Every structure is written in C-alpha cells, then in structure tokens.
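The letters A, B, C, D, E and F name the chains in turn, as written, and every chain counts its residues from 1.
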Amino acid sequence: MKDQNLYNYVLQHADSSLILGQRLAEWCGHGPILEQDIAMSNISLDLIGQCRMWYQYAAEIQDEGKSEDEIVAFRDAWDYRNVQLVEQPNGDFAQTIFRQFLFDTYSVHFYEMLINSKDERLAAIAGKSHKEALYHVKWSGDWVIRLGDGTEESHDRMKAAIDELWSYSGELTKPNETETKAFEEGYGVNLAALKEKRDAKIREILTEATLEVPESTYTHEGGKDGRHTEHLGYILSDLQFLQRAYPGQEW
Amino acid sequence: MKDQNLYNYVLQHADSSLILGQRLAEWCGHGPILEQDIAMSNISLDLIGQCRMWYQYAAEIQDEGKSEDEIVAFRDAWDYRNVQLVEQPNGDFAQTIFRQFLFDTYSVHFYEMLINSKDERLAAIAGKSHKEALYHVKWSGDWVIRLGDGTEESHDRMKAAIDELWSYSGELTKPNETETKAFEEGYGVNLAALKEKRDAKIREILTEATLEVPESTYTHEGGKDGRHTEHLGYILSDLQFLQRAYPGQEW
Amino acid sequence: MAKFHSLRVTEILRPTEESVEVTFDVPDDLREAFTFIQGQHLTLKKDINGEDIRRSYSICSCPIDEQLTVAIKKLDGGAFSTYANEELKVGDEVEVNPPHGHFYVPLDPENANSYVAFASGSGITPIISIIETTLRTEPESEFTLFYGNRRTSTIIFQERLEALKNRYMGRFSLYHVLSKERQESDLFNGRINEEKIQGYAGRFFDPESVDHYFTCGPEEMMLAVQSELKNLGVPEERIHLELFTSPVGKLGGRDKEITHEKAHAEITVVLDGNSMTFPYDSDKSILDVAFDNGADLPYACKGGVCSTCVCKLEEGEVEMDVNYALEPDELERGLVLSCQSYPKTDKVKLNFDV
Amino acid sequence: MAKFHSLRVTEILRPTEESVEVTFDVPDDLREAFTFIQGQHLTLKKDINGEDIRRSYSICSCPIDEQLTVAIKKLDGGAFSTYANEELKVGDEVEVNPPHGHFYVPLDPENANSYVAFASGSGITPIISIIETTLRTEPESEFTLFYGNRRTSTIIFQERLEALKNRYMGRFSLYHVLSKERQESDLFNGRINEEKIQGYAGRFFDPESVDHYFTCGPEEMMLAVQSELKNLGVPEERIHLELFTSPVGKLGGRDKEITHEKAHAEITVVLDGNSMTFPYDSDKSILDVAFDNGADLPYACKGGVCSTCVCKLEEGEVEMDVNYALEPDELERGLVLSCQSYPKTDKVKLNFDV
Amino acid sequence: MDIKSLEDRFNEKIDKDIRIEPKDWMPENYRKTLIRQISQHAHSEIVGMLPEANWITRAPSLRRKAAALAKVQDEAGHGLYLYSACETLGIERDQLLQDLHSGKAKYSSIFNYPTLTWADMGAIGWLVDGAAIMNQVPLCRASYGPYARAMVRVCKEESFHQRQGFEIMLTLCRGSEEQKKMAQDALNRWWWPSLMMFGPQDKDSTHTEQSMRWGIKRFTNDELRQKFVDVSKPQADLLGITIPDKDLKWNEERGHYDFGEINWEEFFNVIKGNGPCNKQRVDARRNAYDNGAWVREAAAAHAEKKAKKQQAA
Amino acid sequence: MDIKSLEDRFNEKIDKDIRIEPKDWMPENYRKTLIRQISQHAHSEIVGMLPEANWITRAPSLRRKAAALAKVQDEAGHGLYLYSACETLGIERDQLLQDLHSGKAKYSSIFNYPTLTWADMGAIGWLVDGAAIMNQVPLCRASYGPYARAMVRVCKEESFHQRQGFEIMLTLCRGSEEQKKMAQDALNRWWWPSLMMFGPQDKDSTHTEQSMRWGIKRFTNDELRQKFVDVSKPQADLLGITIPDKDLKWNEERGHYDFGEINWEEFFNVIKGNGPCNKQRVDARRNAYDNGAWVREAAAAHAEKKAKKQQAA
C-alpha cells in the first residue's frame, strides 16, 4: 500500500457513490413518473461511473493487483466506508429526494473544492464529477421545492423525510481522522469551509420549499470508519451475490 | 448417489420447508399481535426442524460427505426444488395466512400418507412432522375463518390474498416425474388421493370463512424441478450470505 | 480456510476404560503442515448420522518425537468421543485439520524457569505435552502439576506421568487431586477450587517466582484458577488458559443438559419442621429425587436462577451445577440451590426452614 | 475456477508490423497443466491502467514441439494487443491460464482425411497449429486453406505457411485472398464471403468429401462460411468454428465503435438529380465524409437500422459495417446504407434518387 | 372535401410511400389500429423494464451494472417516444396507462417470463431485443410519420442492446462450466417465448392483411419468425450452445431452417393473463403509478403556484 | 381500615419478605413505580427482539437459525409475561403499547444499537442477556408476587440465552482469523453499551433508594455493574478476546476489577432518543402495531359473531 490514508480517503468516496447508486437503481422501473424514473437511473449511472474512477484509483494505490470489482465484491460491511446516509432505504419518493439532496449539496461542493487537490488524479476525478453533481443538485433541489411547496400531502411527506434523514446529514461534513489528515496533507477538502457553503445551500432551498431547517445538530456517524446501520448488510448480500457465489469468473 | 429419484424427492420437501420457514421468520418481531408473532416463529421453527431431518437424509442418500448446511448454502436457485408457493412474499397478514393454509392443507395430508412409506426414514420423518402439521393447519385454518368472517376489510384482504396466491396452489398436488416415480416405487405419496382430501379441506374452511373457492384450475409450476419465480434469488442471497462470504467455517 | 487432510490411524491405546489414545500416520508431503508446538490441538472431522461433527483434541505427544497422538475421553452421549472410543480402529482414515492454537510459551534451553499447571480430566492432554517437552528442552527448568480426577482408575497418562516423575526427579512435582476417592490430606480431596489453590500456594509453589501457569479443564476449575491466582497477585500475562468446552456441552443449547454420573448417598431434608430421609441412587438433582420420594419441596425454575429451592446444607457436601441466584455471602452461610445439587458425600442433610 | 500462473516470456518475434509472436517458458511443475491440443487457446491477464484485462489467444505452435507460442495482432485502440505489441519484452512475466477450448478434432495416424480451413487475419493462429499438427500426425490426410488478409504485408506466418507448403507438397494447398491488393483472379480479391466460397467449392475442394471444416476470423466471415457450407449440404457437425470477438469489440457496449483503417478514394453522390464528387481520405463513413463536404444527404439513425440513408451503389465497391435494415433482395439490387459504407475501390458512386 | 376523396388521397399517399402526419386526414380505423399497435409497443417497453431491472442490483460487475442500468433506461425512453407518438393520434398518456393497469391493453407476452439468472440478461438482449429489432426495423418505414421516426431512435438503441446481450452470452459461454450451463439454461427458457413474440401464426392473425396494406406492418408474423430462426441458429453455434428444439434443421430446399411446433397453448395462456409473471408485472406498474399519484399532484400544484406568482409579478 | 394501618400492614409484609399480591392494598406510588419498572422491562423484551431478528434470515447454519428463532420467540414470551404482570396492576396492554409508540415509555438503551455482524448474536447473548440476568435474578425475589413469578420464568430462559451467546462467541474465537476478528469487533461495540444497561451511576440514580426499600430493587446500579465486570473479564479471557478498556485491571485491595469511565454523554444521548437505532426500533414496533390493527379488529369481530351464533343456538 502506497498511502493508507489516501486509500481510505478514496475508498470512502468510492463506497458512498456506489451505495447511493445502488439504492437509486432499486427505483428502476418503479418511479412515480416515467421521466423521473429515467432521471434517477441517470443519476445512478453517474454515481456508478464516479465510483469506478474512485475504485480504480484505490486499486492503484493499494497496488495488490485487485480489480475494481474485487474491491467491491470481497469486502464485508465493516470494510465499507460509505456514509450512513446513503444506505438508508429509499422510502417514498420524498425520502429518496431528500437523501439525494443531502448528498448532492455535499458532493457538488466537495468536487468543486477537490478540483484544487494537489493530487492530480483526485483533481481529475473531481473535474469530471463536478459537472454531474451540478446537474444532480439542481434536480434534487428542484424536487425538494416542488414537493415542499406542492400539495399538503407532499409537504407533509417532505417533513417526514426530513425528520427521518436529518440526523444522517452531519456525517458528510464532520471530518474523521482520514479527512483531517487528507486536508492537512493538501489533497483533501476543507470540510469546515464546505459545511458553511452546504448549510447555506440547504437553508436556501428548504426556505424556498416552505420547509424548516431542523435545529438538531445531533448526527449519526461512523460509516466513514466502517460502522454502519443494519441496512448495509442486506444491500451487500444482493450486490455481491454473484461474485461470491461464483468467485474468480469473468462476467 | 444411491438413488437419484429418492434424493430429488427428499430435497423437494426439504427445500419447501426451509423456504417457507425462512419466509415466516421474516415476520419475527413484526407480527400484528404478540401472540401471533410467537405462533409464526413456532411454525417457522417446526419447518426448520423438519427441513433438517429432510436434509440430513438427503445428505446420506447423496453420500458425498456433505453437511445439511453445505447443501443449503452452496446451491444456486436453479438447484432448489421448493414449490413456488413458499417463495412468494409475505405480503400482509392475510397473504401469509393464506400461503400457510395452502401449504398446511397439503403437508398435513402429505405427512399423514407418508407415514405408510415403505422407506423407513421417510415414514419416521412423517410421523414426527405430522403432529406438527396438524397444529399448523389448525392455526392457519382458524385464521382463514377469522379473517374471512371478520370485518369487511379483513374479508377483502382475504379475497385479495386468494387472488394473489391461488395459482400457486396447484403445484403442490400436481405430480412431477420425481413424485410419480416415488409413488410407483412405493415410497412416495399418491398425490391424486391427497388432492381430493386437500380440496375438500380447503372447500370446507373457505366456506366457513364465507369465502369462495376460485374456479380457475390454472397453476404455476416448475419449482419442484428448479424453475422459480424472481423472489427466490433474493431469498437465497440473504440465506446464504455468511456461508458464501466465509466458506468452510464452523459457526 | 480450514483444510482437512485424511490421516490414517496407526495405533489405538486404551489408557483407561473411558478414553483412547489415537496415533496418526503423517505422510511425508504433509509433514510440514503437521509440524506442531507443545500445547496445540488438532480438529478432527467426521460425518456422524448425517451431521458434520468437528471436534478439537489437544496433541498429547511431544513435538520432539515427531509423533502425532491425541487422547479422547468418552463422554456419555458425546457424539465424537463415543465414536472414537467405540468405533474407530487402526487403519481407519480420519479427516484432520493441521495443528493450531496458542496454548504455549516459547522454550529456550537457556531458561531456568519455574512452571505450574492445573489440569483435570482430559485437560491433561495439552499439559502433558507441555510438561514433557519443557523438561526435555530446558534442563534448568522445573514443573509442578496439580491434576484433578474422579478416582485413580480414571487418570489418563498415569504411567507416563510416573515415568516423567522418575526421569526428572527433583524437577517435576506431581500432585493428584481426587474427588471421588479419599486421600490422606484433605488438600487433595474434592475438586480443584479457589480454596484448594490457596492451600497449595506458598506450600507447594511460590506464587511470586513462578514464571508461567498453565491450566486446562472444565470451565469452573479454570475460572477458579484464574481468579485465585489473580488474588495471589499473579499478573495476567503469566496465566495461560485452554478451554475444552464442547459446542453443545455445558454452555450449549437448551436441548442439552449437563449429565451427571450416578451416585449413592443418604439424603435428609427438613421442611416445616419435619424431617425425612431417603436413599439417593440416581443421576438426578437432589430436589428431583426428593420429589420422587414424596417430599413436597418448593421450587420454580429448576434452572438455578430463582432461588425458590434454596436450603441450608447442614451435613455433608454437595456439588452445584449452576448458580445464578445465590450471592457469595449466602454461599458462605451454607445456602445451596437444591435443584442444582448433587451429593458428594455419603450423607447429606438439607434444611428448607431457614 | 480460473487459476493463473506466471510464465516468463522467452522470445518475441515480429512477423509483421502489426503483430508479435510471444513464446513462454513452461517450468517443469507446470508442464502437465500446460499440455495442449492443437486449436486450443490461453487466457492472458494483465492489469492495464487499473483495469483487469483478460484476453484469449490461440496457441499457434504445435503440441508436438512442446513449445507454447501465441501470435497477437495489434488492434488500434486495443488494450491488450497494444500492450503486447508495444511494451511486452523478453523476460517479463505474464499471468497465463492453462490451455482450454474445443476447436479441434481428434487426430489419428490411420486417418486419410480431407480438411478445409477458412481463416482471416489473426484467425490463422489456431488454424496453423491445427494444419501443422494434422499434417505431421496423419500422413495420409490433406489440408486446404483459404486465408484472407488485407495485403501481403500483413500476412502473419507467411513464411511458416510457405515452408509447410514446401514440406507437404501435394497434401497442403494454400490460397491467399486479399482485400486491399489486387491479384490476378477475382476469386481471390476481396473478402471471404458467401459468393467466394461458392466459387471455391467444386473447384478447389469437393464439399461432399471433405471430412472437417475449420473456420476462424471475424464474425461476418464465419457466418458466411457457415451459411454457405450449409447451403452446399455440409452437415453441421463437420463445421468447426472459433470466434475471436473481443469482449468490448464489435459486439460490445455502446461506447465502442468499430474502427476502420484510413482509405483513399473518389466519391460521387447523386441527390435530387445533382451529382457531386469529392475525395475520400478518412476512416469515417461515406455519409459522414459527404456531409463534411457539404452534401446534405438524408439520414436519421446513423446506426444501420432505419434505412433513411439508403442509396444505390452505381460504381465501385463499398464495405458495410452493420445492416439491420436492408433485406437480401434489396442488397441484391445494389442498395446500401451510406451511413455504414466505406469505400473498397478507388471510385465509388452512390445514387440517392432511387 | 368529401370522405371519398379524403380516403383516395390517403390511399395515394400510402401507395407512394408518403408519410401520413398527425394533421393529415386518416381513416378512423387506421387511427385506432395505430393506437392499439403503438400503445401496445409502448407498454411493452415499460413493462419490459421490469424483468431486467430485476438484475441491476445484482449485476456481477460495475461495468455490467452500468450497462444494465443504461439499457433499462433506454427502454423507458422508448416508452416515452412511443407514448408521445400515440398522443399525436389524440389520446392521452394517462388513458393509455389506465388501460394497461386495468388489463385492457396488452403488451408483449415475453415480459411475463421471469429473469432467474444473470444469463437471462444476456438471453434477453440477444434474443428478445433481437426479435424486437426484426419486428421493428421494418417499421422505421411505417406510413405514420411520428411512429416511423420514433422507431428509428428505438431501433438504433435496440441494436446496441442486442450486441450487448450477445456479448454477455459470449462471455458466459467462454467462462466456467457453470457459466456455460447458465447460458444454456437461459437459452432453453427464452427460446420458445422469443418465437412467440412474433405473435400467432399467420393463419390465426386477424389484422395482418389490413395492416400491411396500410404500411404499418411490412412482414407477416411467420415471415419474421422464420427470419429470426435463420439468424439465431448460427449465432447459437458461434456461442457453442444448443437451441432447445430437436426439430431444428437446415432445409436445403427452402433455404431456411425448419423448426418445431410452438406450444400455442402456452402462448394463449400467457396472453390470457396466466403467464408466470403477468400479475406481478401489471401489479408493479400499477403500484408505481398509484404510489406516484401524490408526486404528480404535487408537481402540478407547484407549477400552478409558480405560474400564479409569475402572473402576479 | 384507615390508610395508616393499611400502610403499616403493607410495610410489615415488605419487611417480612411476604409477597404483595394484586388484591392487596398497596401505596399508589408503589403501584406506579412498579408499572413503570415492569412495563419498561416488557418493552425492552419486545424491542429487544428486533436487533436479533435482524440476523435470523442470515444465520450461518440451520442449527443457529433455529436457536436464534427460539431465542427471539422467548423474548416475545417474556414480553407477554411481563405485560400480564403489569395488567394485574390495573393498566391495559394497549395503553402500555401506546406509551411505547409515542415515546413516552422507555426501554433498555442497549437495543438502540445495531446488530452489524453475526458475532453480535453472540455478544448480545453473552453480554446483554448476561447483564439482564444480573439485573433480574434478584428480582425473582421482588416483593410484588406476579412480577417475581414472571421473573422466575424469564430468568431461567435468559440463562439459556447467555450460554448460547457465549457458545457462539466461543465458536467464533476458535474459528478463522476473520471469525475471531468478528468476535472481537462485536465485543468492542457491545461492551460499553452493556455497562450502560445498568443505568446511571448511583449518585445520579433517583429512585434507587425507595425501590430498594420496597424490595423491587435489590442492588444498586453500580453494584450490579461491578459484579458484571468481575464476571465478564475472566470470560473474555477464556474466549481469548480483549475488553476494550485500557483501565480495566484487578484491584487487589478492593477485590474487584477497576474499570474505565463510561461515556455518560453517549448514554444520555441514547436515552434522549439519539441512539443509532432509536427511531428505527420504535418505528418498527409502531408499524407492526398499526399494520396489525385490522387483524385485531377482525379477530374481535369474528369472536363476537361467533359468540352471537352460540347464544342464538
């Protein structure tokens, strides 16, 4: 392993993109509107594309000759480093939208700032992903507004979604050791600065959506260090099934 | 392998018991009434106990030194021989009840008749399981009546359950090659005779429940020969996860 | 992943009525895989009635002799041990997983160490390998063994231990502790427990100067050894434990109960001022036997948790299986749970009116 | 499960500008695992830019010689083949999976068989091994090969084939078919397709008396061989196919397009009665190039499915990549899809007014 | 103009291969037939998403996962194009969906079969999308303009799907014994249903003749089916797997493959609603729609609010 | 009798270790405290089913699956006994459940932690059921009869659970490196929450004194916690895994283990509702209850119909 901290940093983002992409893919064929079914597949596709870049870089750093798919298929939950937010169930459309919104407000600023990483590969990944994230946050933000400021039912559902997910929001911007070190060493992003921008964005959109920003600052955490909710295990048992059942094959 | 047909016959029943037991276990902690939560665990426990007897016998017939758990964990869906009925999702309580009722009306008569099998092991398994099946059919039958002849809502839900599951009923009593041969060779059960008894029982209970016996005789089939519905794959990816992820361990 | 190899049995000895010593042939290409350290164990695997049974057995032979032997004690109702004692024969092939385990300390001919071991029953197996290997490798070291058994006739390795004593006179001390056979000193009657160890310490070894302690046997004994040594100020890293509990044994599922040997005694119970006496000739608890004899004793859980069956032991000794209910001070006052009690002496008197 | 072994490269030859012949050293302990049959292939594995690339390559050497050699043709943009042609060097270790495949028939010295093979490009690799092994093993058998290439300079194994021809004169017949170089007989100009095979049958081999046919090369050629032989009444079990398609090649995902070589020609298109002529010096489709030259031709899918771009070929020849739209009778009438067409002759004239 | 001359002009256009466009006059029956045909096709795209979506979360590699997602997304797109084409005929998407959910409208029988292994993703791409192309490519020249144009886009993407499917099969066929078995098993299960996709035999097919005259069908069911068999057999050979039809053999005389009798009872059963997954599929679509009602309402309500605000401003 | 003498008689019984039975007079506060304590315990049993039920479908062998099912079923049974005991105090089960679902009633903080690996099934049995036994065995002698009797049954089964849990840990600790890592990881995650199960420190514990006087609590939180540590440390040693507390060491003088400071902030956070799974657990129970409403109504309706029929007959 060339650089353990860099590896962890990369894996963290790879895993978050993958798991969120996987969750969104569950909607495929079941969306509330055909156009939004397509939109969710699209974002899922982007996220899977992003995670492949991250995993390929992770494999290079790790330098054990593993492929991206081996990294994905042969780790158990405790080795996954995604934030807990992305493993939360889809719930109703409001919940999916709000989960996405919480993630997108993070990732759009994350990639925007990561473009200045002194690690060229990270900067390159960021450059490509930032464009996508801009589209994502536009989509999820618009829907937050539409649902928040739509009917009474949709407003209530959005409130319930916020209630459900708010406590998973903070992990994204609360640096763990890996992130602190990554920032110090100049290749990672300054999460404090990011948090400010993101909080402003969240406030702006929720306000337009006639929704309130919750006051609670309590946040679940640990996903980035391998401690997850009970959902992840089930996600992985599907995600990894074929590779586990027939190891070592080409597909 | 000593006797391929006997093996298939045994596996068929092992798999059906296991998968239904697994499905019922999903209710654990989520039942509509604490007492019924316990009842479902109980039946699930019985079914898992039964499938262990079947698998242990299967392992002996197969004679490759495999354990019951190896037989369970290292077969993909197409090698599973359970009827399609048992892999259907739990749905609401009415659906679970009706699935159980369709299975129990089969298995209570199946075991009753299998007691006379010329194969001593089968007869022994039947003897032990028949007592349990009597209790099961009593439970599910009572609930069919209670829900069918309960409130309007429960009646409608029962009707929906019948609508959902009726076409999975016939596979249980429609002999496949294995069963035909098993009957001819004197160790299997006469499904034609069983069907008569079962149909009568179903009619009796549904009538008491103020429900109609559907007229359609169309039945899904193939489960007993390894052709399943899309549900089984997901069941197995959970069921087998640990053994697949950490093969060859003691637990 | 556990990889099993088929090894052929070359010799079977029967050191006691209830145990066998099984030696395996290790073919040349597996020699490396089967190299072991004193104190390690093997996992044997066998399909018994369709169930894949795997059990661990400590190696009792010495690595120096390049021989691979285990001793298997028969447990009533025990799946593998019964098979090994009753069916296994020379020439059979057994599936064996290479040696593993960490129950040892590295040896060095330069060492001049002092070692103490507490073993009971089949717990002797890893210990005897450790003792012999140590004495042969470290000419300056000495070893003391306390070895618990029911009676002389059930002592596995009796002869081998005697031989070691003769060969390494002055360096190896051996003390037998017997629970069902009386010896002169009370110090050696009964089971190895906290009290006994207190008695040995200072007398037979100096707790401070012993370099390493080894203990292997039933859970209770090991917990007793551990806690008492700690009381004596021994640092934890000098205490080495090897636990034999079987996957479905005492700590196992609800369907398996602890089995007891049949015993004989005369029991007296006092309830509501009345006393009754009856003979005990059974393997059931005193409470159950009293019941069979018409005594209407109080009980509720029969599981050692509720203390409904509590009574005072006024004469003799009993052995208690499980005790979740009584506090140390209550035990000290002589209270016992009758649902968990089995006679250890010929006469036992229990008073329920306290 | 695929088990890869590291093999060392002992020799690299460069038979043409666009291919390498790579020979591996097989250590003694792998000799058994790497025993092969003529016609089988190896899978090579390499991590290229973080992607785990695995590609199959047929063994071109003879099993009799106990040598393990593959020939790898470079494809523009091809991941593994480019690496093999540009970076691989003697002494490197490559991950290799033991030989597998079923592209062969068992040989027997008693046989007096007649074999025919159709190969093109790198499809020769398994065929040459089959031919040489057959001729060496079955002294009574004879072999005929039709071998398609673009031009003489790209023929892999040119010398080895000539040598075989000399050694087995009378038993081995070789016909080169070239698509970008003119030969005397039109029978040997262009690609191996249905029409050509019809021309060969009866003339160079008797379809009825041939015992086995082998074919290896691009999908179109193989489908042509298969369908035409069937037309000629050859039973299916005598036709042996080996397909080279790469996992991301022609049949691959949407992000990979088929690549073409640059070519030169003069193109004339007729639309709405107007005709215009422009030079083609590109690797794009005629439609695209016409567009670049200002011709406003009709199109919609550019994928060969909609036939919006259909036109009549009035002069010269073109090569079509994909055709989902035109029926056989339309093709026969000379219709082509301009979005899928590439010039094969120096002059091409397309009429869109039909 | 009177009906007669309108009809003449319509027929003339048809004869001259001039496209009929939405604003043009057309016979009511032509319109109705088109609505039936296009909506049936649209429904097939949408329902067809389900069997394949079933393996996206379990795809064996990230590359395959992305490809599968993109494919299913394409199908949704096809649904969109086709619903739009249908709307030009004066019927609302919502009405069409309700007909699907009520069971009134049909969709391709093939999507009532389950996807049981990963190889089904290959088999569907290769055979089902392959059959679709065979059916649809001629429709790129259909007489109704919006339909023909939609078909162009659809067919282009279907050709990708088919290659992708074939490539999945190829990879499996070159893989381990188990993978090859998986591929063969998938072929066994999908082969006959694929042949059924072309619809009943010509002798039982009611609308064919009229539709061909109108230029909204260009080949008969049996012709297309034969073409499909002829193309698929050599492909199966290339893959090295066997089509599960012992009667399949080359007929020298006809210049085509002969093939076995289709189990028409199964076909009509599936059409009637008794396929392995009919209920599951329609339920899934209906649930998606019903559970999405509040979302559509919210979107509409918000749009209205916004419009009002803009007006006010 | 006047209140005073009723109270005297009650106190006398308490002093004499005579059980208070439902029909006996008791001080209102005693009743309320008991309801709170017993219902909290009942809720813990029911909520406690969830983390373990989470691994039943994924248990690694049939034997383990059956054992896990049986265990979770036992917990449901415990819930039943305890709700019944509570009902003897004049409160309905339904009321108790509503308090649980509304968040008014509490349950043991431990069940707000997730079960993340199979080893958690071992750790919970060993530590959590172990701590429960430590808490509950003394309650078999509680002053309120129905409670004490319920505890007897509960404790007996808990002792099975504990052994089973220890045995799962033992098997893992003797298994592969990964299994041992799994066991250690589970211990790391469950150790501190288990210590928290005994409740706040004595100095912060409000009800302890009164409860002890009433004989419905027999040891203080800190006493029980110390006992638990003293018992668990040697067991961890037997397993060969390390308790995640660097301050844990034998104190010769006290004759007990010293141990590190508990993170009380975490404890109070979890109690407040901010545990990793609080919302998930209560939601699951509430959903089960709400989704089951129609079933309970149907059962009641049917019973009524039946009763009427029988009357009529």
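Points to keep in mind about this one:
Note that in this section contacts are C-beta pairs under 8 Å (C-beta built on N, C-alpha and C of every residue); 3 or more make two chains touch, one makes a residue touch a chain.
In this text the structure is predicted, and so the values were computed from the model without any measurement.
In terms of the stated touch criterion, the partners common to chain E and chain F are A, B, listed by label. Among the pairs A-D and A-F, the greater number of C-beta contacts is found at A-F. Same-residue interface: chain A and chain B share over half of the residue numbers found at their contact. Centroids built from CA atoms put chain D at 55 Å from chain B. As a whole-number value, the distance joining the C-alpha centres of chain A and chain B reads 41 Å.
The distance from the centre of chain B to the centre of chain F, each centre being the mean of the chain's C-alpha atoms, comes to 35 Å. Rounded to a whole number, the gap between the C-alpha centres of chain C and chain F is 34 angstrom. Contacts with at least two other chains are made by residues 68-69, 76, 233, 237-238, 241, 249-250 of chain A.
Touching of two or more other chains is recorded for residues 1-2, 247 of chain D. Chain contacts: chain F has residues 58, 63, 70, 171, 174, 176 touching two or more partner chains. Contact between chains, using the touch rule, shows up for A-B, A-D, A-E, A-F, B-C, B-E, B-F, C-F, D-E. Chain contact summary for the complex, chain D toward chain A: residues 1-2, 47, 49-52, 54, 247. Across the complex, chain B is touched by residues 46, 49-50, 53, 56-66, 69-70, 72-73, 76-77, 79-80, 83, 118, 168, 171-172, 174-176, 178-179, 284, 287-289, 291-299, 301-302, 305 of chain F.
Residue ranges on chain D touching chain E, taken from their complex, read 1-2, 56, 102, 219, 222-223, 226-227, 230-231, 233, 236, 239, 241, 243, 245, 247, 250-254, 300-308, 322, 324-325. Residues of chain B that touch chain F in their complex: 18, 22, 25-26, 28-38, 41-42, 44-45, 48-49, 51-52, 55, 68-69, 72, 92-93, 145-147, 149-151, 153-154, 157, 238-239, 241-243, 246, 249-251. Residues 76-78, 164, 167, 218, 220, 227-230, 233, 237 of chain B touch chain E in their complex.
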